[in-house]
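Lettered A, B, C and D in written order, each chain numbered from 1.
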Amino acid sequence: MKTILTGVSALALTASMAFAQSTITIGDQLEPPYLDPTAGAAGAIDNVVYANIYEGLTRFASDGSIIPGLAASWDISDDGLTYTFHLHDGVKFHDGSDMTASDVVWSLNRARAEDSTNAQKGLFAGIADVSAPDDTTVVVTLDAPNGGFLFNMAWGDAVILNEGDDIEALKTHPNGTGAFMFENWVQGDSITITRNDNYWGTPAKLEGATFKYISDPTAAFAAMMAGDVDAFPVFPAPENLPQFDADPRFNVIIGSTEGETILSTNNAMPPLDNPKVREAVSHAIDRNAIIDGAMFGYGTPIGSHFAPHHPAYIDLTGESAYDPDLARSLLAEAGFPDGFTTTLKLPPPAYARRGGEIIAAQLRAVGIETEVTNLEWADWLEQVFHGGDYGFTIVSHTEPMDFGIYANPDYYFHYDSPEYQALMEKLTAETDPAVRTELMQDAQRMLAADDVNGFLFELAKTGVANAKVMGLWENAPTQATDLTAVYWAE
Amino acid sequence: MSILSISGLNLTIGTVPILRDVSLSARAGEILAVIGESGSGKSMTAYCVNQLLPRGAVATGQVRFDGQDMLALDERALCTLRGADIGMVFQEPMTALNPVQTIGAQVAETVLIHTGKSKAEALRIARDTLNRCGLPAAQFPLDKYPHELSGGQRQRVVIAMAIALRPKLLIADEPTTALDVTTQAQILDLLKGLVKQDNMAMMLISHDLGVVADVADHIAIMRKGEVVESGPTAQIFAEMNHPYTRALFEASNHIPDREAPAVDAPILSVKNLVRDYLLPRKSLFGPAPKFRAVNGVSFELKRGESLGLVGESGCGKSTLTRAILGLEAIQGGEIVINGHRIGAGQFVPRELRRQMQVVFQDPYGSFNPRHKVARLVTEPFHLLSDPPSGAARKAAIDKALTEVGMHPDDADKFIHEFSGGQRQRIAIARALIIEPELIILDEAVSALDVSIRAQILDLLADLSDRLNLSYLFISHDLSVVRAITDRVLVMKSGEFVEVGDTGRVFTDPQHPYTRALIEAAPILEITP
Amino acid sequence: MMRAFKMPGFLIGFILAGIFVLAAAVSFFWTPDAVDTVDIVNKLHVPDAKNWFGTDHFGRDIFSMIMVGARTSIAVAIVAVGIGMGLGVPLGLAAAARKGSILDEVIMRTNDLIFAFPALLIAIMITAAFGASAVNAIIAIGIFNIPVFARLSRGAALSLWTRDFVLAARVAGKSPAHISFEHILPNILNLLIVQGTIQFSLGILAEAALSYVGLGAQPPTPSWGRMLAESQTMVSFAPHLALFPGMAIVLTVLGLNLMGDALRDLFDPKIRRDRA
Amino acid sequence: MLIYILKRLLSLGLSLVAASVVIFLAIEVMPGDAAQIMLGINASPDAVEALRQELGLNLSIYARYLSWVGGLLSGDFGVSYTYRVPVTEMIGDRVWLSFPMAIYALVLSTLIAFPIGIIAAAKRGSWADWLVMGGTQLGVAIPNFWFAMLAVQLLAIKYHWFSAGGFPGWENPFLAIRALTLPAFVLALPQASILARVMRSSLLDTLSEDFMRTARAKGNTRRQALVKHALRNAMIPVLTILGLQFSFLLAGAIIVEKIFFLPGIGSLIFTAISQRDLIVVESVVMLLVFAVILVTFVVDITYAVVDPRLRRKAR
């Protein structure tokens, strides 16, 4: 018995030592439902596959800029309608088949097809035609000039799949071109990927990685502390970060995300359809208290729907400074001297639940009573996002440059402004970067002036990692856990 | 020579004195009967001998068994005596055996504990002992479980466990009280025989003077923790020095004074009555089998008459009673009450029910403990369409309570404030309150001590004379039936085997079963 | 009833449970501090003279929140027991009165069916289906009290139905329903009180568990279970956040169980006989 | 005996049918749309509709029930709406965590409860009895999630005696057992307390039975009588509780698995409910109910083994 015991523990020891050097365990809160990023928008899919397994024509760099992906370079016609992509040579899918221009044509056509289940069909809406003159050239023709086209092609929803693959099978066994290959998935627990030794580009430094799904923040804390998880790129409990910071075993990585956290307001529901009331609400909110109370200080105040780290950002927080007295008088002006009652429906994340309680208290202070309801994502989607049955809700909009949603009057804010819609059309057609910046700044001002939503803060990327793990993204320009450059120190 | 001698024994449990200065002795080959009513301390005296006393019990004095002072022995020494030298038989054979072990294992256990014999040898001894106790191997193999045996058979197993190692002393604590009269006689015979064969001493504890009269060599009479009189049986019966002994004796032979019944038209007549029960299904499908509890019986009860219904447990007498009371529908025949006919499938209507009332056996279980006496005795008013209220109700309660010898003030008390005898009086008051013509007495005095029983019987006789009541008197106890009834029905297996005037049936029984019953019944017939 | 107070178990239990009932009652008109205002500046204070149990992550006074939380727990548990008793007892009595009938069979089989479902699971499903709220928590907990009381009252009633005093009432022509309420119910009341106390404490535990997983009372209503859930990530640096609500649950449940046990001893004739 | 078993089997079958209807109806009531959740908040409506078609969510309730039950009977639990893998496969992985954990907890609970329950009964009124009664009273009163929180904080994070959660799989049984020890203990504690109390009171009841006096009169010492005669008779109520506890342990696993982030049935049902993966919820609840009904059945049969009186009734 004794020999067996020592034998097993020795085995375990060597196994764990081998593990520690060349593989990594990444913690994440939400498990993806499946692994095809072109069939659903769940950010959790991109957290695993983006840049690791699947690649698109272009891709995001860690600073949010657009860099070449599978396309080594591209030419844009003068009218801005034709994009010619030159693909890398010798790119192979994980199953060994070659990645050619026809795969790109097939992938883009599939995404924009009538029956496509791509969650971001809008990204492909302006494409008139896709063709492949030869194996390494793809020509995309647009209906109208689109300044954001290269940006669109960098999204996880625009990655290139192998033509003819069984789409059903891809959901559980992805077949991409990336530096890592899918290995195993224990649903509800973890996903394992291994290095692709036939990768066309710079090979990954790690031999493999495991994504471990821990939804409970306490469990996440315990798992980090116990060393079961090496890194938690988005750690769910900001209150624990000081402890990690104080511990030399860990690095706390604070960066920016594309997540504008807003008090979404139902612009169609009285009395919130009254701009005065919305203005009162925005002055009733103390952003700093929310960032401090809900996020323990992590987050940047925003005054409109725009990421502060973007060059076109302008700080409009002064427009809606915390001023409860002003809020009360605005309410009185709007005809609600005694305030009113509405609903506040909160999805599961801590920023929403905690922020919601704080906002409820702040609104109560100026006379607005809110009935708080905590919802699961499912109910939130049903009641708030689709049903439009809400007064307020809090949610972080994590898609990059997603201010376009305000141009859709059917979107759950029910913000219907012809001026804003015209502005967006102009922006889409514009390709000159300087003019685009100006237009984007106009958009920010317009949203702030209309007080469409209560603009709270830009979600911080609060990551924790073992102090020896190097090369993780600091910021999150898109939802991704790019492991291609990650390695263990010494 | 005395195997057991107790002298100056005192016992307290907590702070309550149970026994005072008890002295007794028992000799080999002889039976010492200890007699007393409930609470007299007779059982505790027995438990002092083998030291199986309840928690908190402290015994002082002397208990000498076979030369040893039992009170001074430690637990280990006591364990070697118990079962080997002192056997014990208990009152309740239904619960005295471990339900999950076979009878063979339980008898053999006595042997295994005290001897170094092998299991096979122990089982052989168990077999022999069971044979001696009247449980032959053919019908009663060792692997039977207790629940497969009747009460009398189980008591034989208990006896076998007690005598397997031929102890010097056998303590039998009310060994026959829970048994039918015919079984009782057989068990007493068995015990008596075993005492002689093995030259044991036996301490027989009983509340019934009649039971022990035939078998006991010595008698000790206890009352309130003291021995009031003791001596050889014949001498006790001849002298009866102590007034309590005399009272006990008289009470158990008590015949109340009754006037001759005014024979009249029948108040109740039953013709070919049939009662069936459904039994649990034997197969998954198909009809459930039936058990015929009452099989076509007929009788008449005349106004002012007292009719006895005698039979052993399971003979169908309770079922018959329930049918007459209208609690269950009958399957055949008819019941005629005061000229109203009730046939199969019909229930007895309200107007007829009020002419009959019932008194049950258990004075403790027949009252809702949450209600006061006034509410309890007026319950039958529910049968009246216009029940008295206010002063009239009060008057009715007073009258009923006074009739049964209680005080009107008792109406405001709860039932737990009364003794068993008093409760039975209240039960009779409840039956009387709507002035019925017929009272069914279902073992109404069986649970009472003899002295109390005599008082209740007097009360019943007096009431029937004054109020011209008719009684249907149901009992397993022949002496009671003989004392108070004019005619008697003997029931066996759902049928009447003999019907006749009480005097005639007892002196000249026709049916063999009646004869067996009467012979088995312990009757004190020693004249003072 | 006064005899109960002579039993140490009952006395301790009564004091423990009493403290929390009192706290709940007092909280209706007074708490040391408001529980629905947020004061981020004063968050996570350790216990001191001003905030006896410290403050939580929103700067609210934990002592006050426990007082108001007692209200939630007690209200949920009482109503849930009420549902269980109100429906379970009549069903059990009816089943006993008609023993062996179709009604009896249906009632008892339904009970068995409910028992076959792990209780917490169903509570989670109910609240998932109808939304998380105190009312739905009450219903979920209440449903599981029904078979408990139905079984208990049926069993106790069955043994009472064989008693002579019930027979006497039948001879007096009373209907089964009449007998059930006049004779059976008062005599099983003791049992119901004992079981009620125990179900009450189980109700408090269940409410805490549901609130803990976020399916109980919704904010801003304070609830012990939710206080624990919210404090979870902070236990490592602010243990008082988890300590006090947890203790509140343990002590209340302990108090009720002690009372229940003492009452059972008091009412159980078997044990009483031992004492006599 | 055979008819007894057949009867029990028949009622087992009826219970399962009734349970399946109840579960199906209860779950169909749940609001939320699996297709929408799968595609996320920015998905286009026609994409959602396409997926609904694909998942068969557009069929009538009646048709869905029949196809679900039909599948159950043939061992095919359907395909998870969210994960697109067979439910059987998902459950299959997790059963190997949840059931061993429940059994581990049951064993722990029994190992703790039997000795202390027996000692408390045998030494009634002694300090040991008081200690057991007080301790178990506390054990019942402590909410297991609170206990788990404190235990993780102290034993896992501070002292590293146990793992704070997670499950390494059964490849290395020692690590697996180590990972399950704390959760199983947390699960077992209240159950052990209840069991010990039942054991004690059942033994006390049995000790006051007449046949115990008979056993003592035969010359058994107190201890012999307890071991040879009381224990087996006292087991019947204990068995009942043990059977009931299995269902508590399975349900309790929902919370414990959440705290210790164990990939078991409990955490599966939690995520499935929040994802509206109805087919998984239905199947898992059905499985749990089936397990409970089956355990009840086994307990019923065990009664007959323990108690010969039931054997006769059975016949």
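Everything that follows uses one rule, which is that a contact is a pair of C-beta atoms (placed from the backbone, for glycine too) under 8 Å apart; a residue touches a chain by one contact, two chains touch by 3 or more.
Remember, it's a predicted structure, so these values are computed and weren't measured experimentally.
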Centroid-based (C-alpha) most distant chain relative to subunit D: B
More contacts between chains, B-D or B-C: B-D
Distance from the mean Cα position of subunit D to that of subunit B, given in whole angstrom: 49
Distance between chain centroids, defined by C-alpha means - subunit C, subunit D (Å): 22
CA centroid of subunit A to CA centroid of subunit B, Å: 87
Of all residues in subunit C, the ones touching two or more other chains: 128, 232, 235-236
Residues of subunit A engaged with two or more neighbouring chains: 216, 218, 221, 348, 376, 379
Touching two or more other chains - residues of subunit B: none
Chain pairs that touch, as defined at the top of this document: A-C, A-D, B-C, B-D, C-D
Contact set on subunit C toward subunit B in their complex: 163-165, 167-174, 182-183, 186-187
Parts of subunit B lying in touch with subunit C, wherever the complex brings them together: 325, 327, 350, 353-354, 356-358, 360-362, 365-370, 379-383, 430
Subunit D residues within the subunit C interface of the complex: 11, 14-15, 18-19, 22, 26-27, 29-31, 137-138, 140-143, 145-146, 149-150, 153, 157, 205, 208, 244, 247-248, 250-252, 254-255, 258, 269-270, 273-274, 281, 285, 288-289, 292-293, 296
Touch list for subunit B against partner subunit D, complex: 50, 52, 75-76, 79-84, 86-88, 90, 92, 95-101, 109-110, 113-114, 145, 147-148, 158, 161-162, 282-284
Subunit D to subunit A touching residues, read off their complex: 31-33, 36-44, 46-47, 50-51, 80, 82-85, 89-90, 93-94, 149, 152, 156-157, 160, 163-167, 172, 174-175, 258-261, 263, 267-268, 271, 273-276
